[in-house]
Amino acid sequence: MPTRYPFPELNTLPEDIKAKVLEVQEKAGFVPNVFLALARRPAEWRAFFAYHDALMLKEESGNPSGSLTKGEREMIVTTTSAANKCLYCVVAHGAILRIHEKKPLVADQVAVNHRKADISPRQRAMLDFAMKVCLQSDQIEDADFEALQAHGFDDEDAWDIAAITAFFGLSNRMASFSGMQPNPEFYLMGRVPKPPKAPQPV
Amino acid sequence: MPTRYPFPELNTLPEDIKAKVLEVQEKAGFVPNVFLALARRPAEWRAFFAYHDALMLKEESGNPSGSLTKGEREMIVTTTSAANKCLYCVVAHGAILRIHEKKPLVADQVAVNHRKADISPRQRAMLDFAMKVCLQSDQIEDADFEALQAHGFDDEDAWDIAAITAFFGLSNRMASFSGMQPNPEFYLMGRVPKPPKAPQPV
Amino acid sequence: MPTRYPFPELNTLPEDIKAKVLEVQEKAGFVPNVFLALARRPAEWRAFFAYHDALMLKEESGNPSGSLTKGEREMIVTTTSAANKCLYCVVAHGAILRIHEKKPLVADQVAVNHRKADISPRQRAMLDFAMKVCLQSDQIEDADFEALQAHGFDDEDAWDIAAITAFFGLSNRMASFSGMQPNPEFYLMGRVPKPPKAPQPV
Amino acid sequence: MPTRYPFPELNTLPEDIKAKVLEVQEKAGFVPNVFLALARRPAEWRAFFAYHDALMLKEESGNPSGSLTKGEREMIVTTTSAANKCLYCVVAHGAILRIHEKKPLVADQVAVNHRKADISPRQRAMLDFAMKVCLQSDQIEDADFEALQAHGFDDEDAWDIAAITAFFGLSNRMASFSGMQPNPEFYLMGRVPKPPKAPQPV
Amino acid sequence: MPTRYPFPELNTLPEDIKAKVLEVQEKAGFVPNVFLALARRPAEWRAFFAYHDALMLKEESGNPSGSLTKGEREMIVTTTSAANKCLYCVVAHGAILRIHEKKPLVADQVAVNHRKADISPRQRAMLDFAMKVCLQSDQIEDADFEALQAHGFDDEDAWDIAAITAFFGLSNRMASFSGMQPNPEFYLMGRVPKPPKAPQPV
Amino acid sequence: MPTRYPFPELNTLPEDIKAKVLEVQEKAGFVPNVFLALARRPAEWRAFFAYHDALMLKEESGNPSGSLTKGEREMIVTTTSAANKCLYCVVAHGAILRIHEKKPLVADQVAVNHRKADISPRQRAMLDFAMKVCLQSDQIEDADFEALQAHGFDDEDAWDIAAITAFFGLSNRMASFSGMQPNPEFYLMGRVPKPPKAPQPV
């Protein structure tokens, strides 16, 4: 389908956005489409990536000693994005999940059915909570937090799980509504023994 | 229920957040709970309000000549937050909607059933699009954009509607999961002839 | 929208209906629209209000020593009518709920999400049962009655909760299908310190 | 399962209810359980059967010149009661439907899938409207009335269809919640060439 | 409606199919429509009936010592076919269910609401498992097998329940999509004291 | 999770099944788990693969001149299996889809959201029909066939689409209920330039 929201030219972007785009390109070898798709709205772009980094980069997050690994954060994104049927996020974050977890099969597994995935019981509990925030947030109750605590997740971890789910619910809706397509590079990343480079985590 | 995520003390907050909280209090006469509830995570707080302002304050938005009024933006928030059963957002943004639209009944109407609300056909089309982004974003197609165009909404307006819906989908999940309660002041605002002051729009 | 089912002229109504309409007007200061909307079908009107009174006026009900207060009956109506997205009943009965419970915020709370409302655990159990009768009556089982009993509701109370839910399920469908609008007076009732008069409970 | 709400003894019933029960027994050869199940609450019983007669007995209804036949009224009941999974109403009203329509197969057909039933296009439109009132009454719009008009149903007929659906939605919930069982006699009625007698239509 | 997929002439069918059709006709007194409806695709026909017999004829099945009776197998078919709203299978297999269980009411009961049917707790557990395989197979977990074991069903019985449900999910979709109608003979079978003959179980 | 239904030893299998397993292993380089998982029930195994071949091998099918390519058949399987959240079928048939269509990205696309996949309008119509058979087979109507005809699919093609969807609905339920896992080999097949060998299409 023709693009309803074409990407802006790199040279027309504000300096901070342009710099970030070039940095990502340097690291990953290509520019993930979300960086260009949102750039047509610079204020939204800045808020989006600030939010992303506050949740996904553990060391910069509001819970730097939290128990969620980078891979687990991506596992939440992949699973809930599949529930929202968001092609961009399932493919792009599935790639990063494979790389961080060093498990080439796990992304496809959680995207299709997290109940059948080869993950730990702790990760299963994490994804059950995330799926409830994704699909029935109005019904979250004390019992849901207790199910997390049984696996060592405290209330700050619960906040991380919920906030990642909520943020990517936003991302899923923006990508789906606007027809954002994943870069072809993402589909194969982390599936073959040696990925060329560490990708940019968005 | 006891608060799982207590509000931080004002004096413990970073200066920029503290300043914003005091400014809001000055304007509205009270501090909407979302400003304190999210403040325990400063980086998330900053991203959240930056995103909010980029979407809700038309003059600062990425579409300053867009056709959505402030009241219509709040109408989208109230309607989709009701679909997500988010108590905080329905009550708080319903208040702001009443004030901006100068219609004391409209917030309750769109929260219960936007199809029965006393709104224009253009606003009805706007809300139909927003509800589809809220509940079935994977199924948005060209026909949905065409239904908007029939009422004078262009693709930038569509982006505004979708982005507001997506952002408050995030907000709804954060408020519901964490048990955020609306301030009592919101419930009555805009219902009686003279509200005391213009509220802070969050 | 134009009225598909216009109200009959007061003078064309049968005497008993006319007398009741005037009595309600005297008490409440206005005639709630449901009294006129249904009056075009006198036999249905009489059955409807007889059923209403048998369920909502405790002293005239089949369970005069039951434990549901008038406010709790209205709480059931408001909550389940919101699940059915019935504008008339949420607004009109929300008003009466606020007055009987003397809690100006509770109607908006249960209408948006009864799980987040400031109500007692007993009222929460009552509303959980009502919502199951409203949305999944085919799945009601012994465990649902036991959950009520744990809060002191016996089988006659359970009948009251179910019958009120079932009756207003009828009312919701009639109001929604026919486009019945709540009187503007209802929206503000019970929100401000001194409501002008006791309203007619329909 | 043991009966949670046992039937009252006939002799303990108020005279008017007792008289009606005996009359029904005389006509049908047995007492349909709904007459006894609801009799424990006389005021509710009277309202229920008054409402029933106002909708189902065309000559006593508010639309005596309406176009719905008795059989079509029962067809609406059977179809929507199946959507609500109400055993009592599907079996009891399916029996009366077979008798009135003189079609021994039609009740099973509409109960399983009205789209595959051997009915007229007009009846199909009638049932489509009824099913929308039953399951999505908040979404009824002008187009739904127009679809009826294309088959000769005017707004009074639409009211009949909606009111019958709404009333039996009440009946379905009462029967399901209380465990009301259909009398064994209903299952076979209208299936064999000569039913013994005309049944009582409830 | 006109038949989109007309039945082939008996004489045009391959010998093995023709022989089976004649055998069924001899036994049941008529040819159940499924035998002719699928015969237009001989290879599919053969696989379909081979699969059917492998599941429904206990002595020929992969679990000849399993605990499911023939009646219980038909009970699974009738219940799950009703969930899929398949007219052919509900009517045809409801007939066979009545005959095998010698209970003229049970088919209508499980088709409308298996929770209200006059069946044993063991059969209720069997149907709960079948309904989960029918509607939420992705969510089957250990607890579902344990609920079966509590009633004496081992893992081979669970396989039987699941496979029967899965196979008739196929059958339901074929019948509904192609407009297959049940033979009129099925509607009355097993309802009256003496059915003329044992029917062919498809 | 431990295997509830362990695979039988190859040497214990009937000769015909053993021969087929060895043939598949020779062709594909490994034995797809479905061949062993179902082999514990030989009669079911034979019917399953006979049905499979009758639908998926065009030249042996009941519609040898039909317009569905092998790749399109696999596209239907992958899309509807994702709707049923069946891990085995999405991964295994996604692999075969990539190979037949020679499009390494298409399987992930249709599995997440067929509306966003890079496929032809004709294939989109094919998948829309398949998804309706998968999820709402009771609602298939003439208009659905007409939508296919607009893209050149005749009624025999519609049968193929429906039958493939129905058969894999069976397969999905068997795989999900029994915990069947895809072979690791499938995940990468058809993604890298030269797959080692042509795989066995199940």
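Which chain is which? They are A, B, C, D, E and F, in the order written, and residues in each are numbered from 1.
Basically, a residue touches a chain if its C-beta (ideal position, glycine included) is under 8 Å from a C-beta of that chain, and two chains touch if they have at least 3 such contacts.
Since the structure is predicted, the reported quantities are computational estimates derived from the model, not experimental observations.
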{"item": "Chains in simultaneous contact with subunit A and subunit B", "value": "C, F"}
{"item": "Chain at maximum distance from subunit C, centres defined as averaged CA atoms", "value": "F"}
{"item": "Over-half contact-pair match to A-B, picked out of the listed pairs C-E, E-F or D-E", "value": "E-F"}
{"item": "Of A-F and A-C, pair with higher C-beta contact tally", "value": "A-F"}
{"item": "Distance-maximising chain from subunit D - centres being C-alpha averages", "value": "A"}
{"item": "Averaged-CA centre spacing for the pair subunit E and subunit A, given as whole angstrom", "value": "45"}
{"item": "Chain centre separation (subunit C, subunit D; CA means) in Å", "value": "24"}
{"item": "Subunit F residues counted as touching two or more neighbouring chains", "value": "85-86, 113, 116, 138, 176"}
{"item": "Arrangement of touching chains [line / ring / star / complete / other]", "value": "other"}
{"item": "Chains grouped in pairs wherever the two touch, ordered by label", "value": "A-B, A-C, A-E, A-F, B-C, B-D, B-F, C-D, C-E, D-E, D-F, E-F"}
{"item": "Contact footprint of subunit B on subunit F as seen in their complex", "value": "113, 115-116"}
{"item": "Subunit E contact footprint on subunit D (complex, rising order)", "value": "82, 85-87, 90-91, 104-105, 108-109, 111-113, 116-117, 176, 179, 181, 184, 187-188, 191-192"}
{"item": "Touching residues on subunit B, where the partner in the complex is subunit A", "value": "1, 4-5, 40-44, 46-48, 50-51, 53-55, 60-63, 84-86, 133-134, 137-138, 140, 142, 145, 155, 158-159, 162-163, 165-167, 169-174, 176-178"}
{"item": "Residues on subunit F engaged by subunit D in the complex (per definition of touch)", "value": "138-139, 141"}
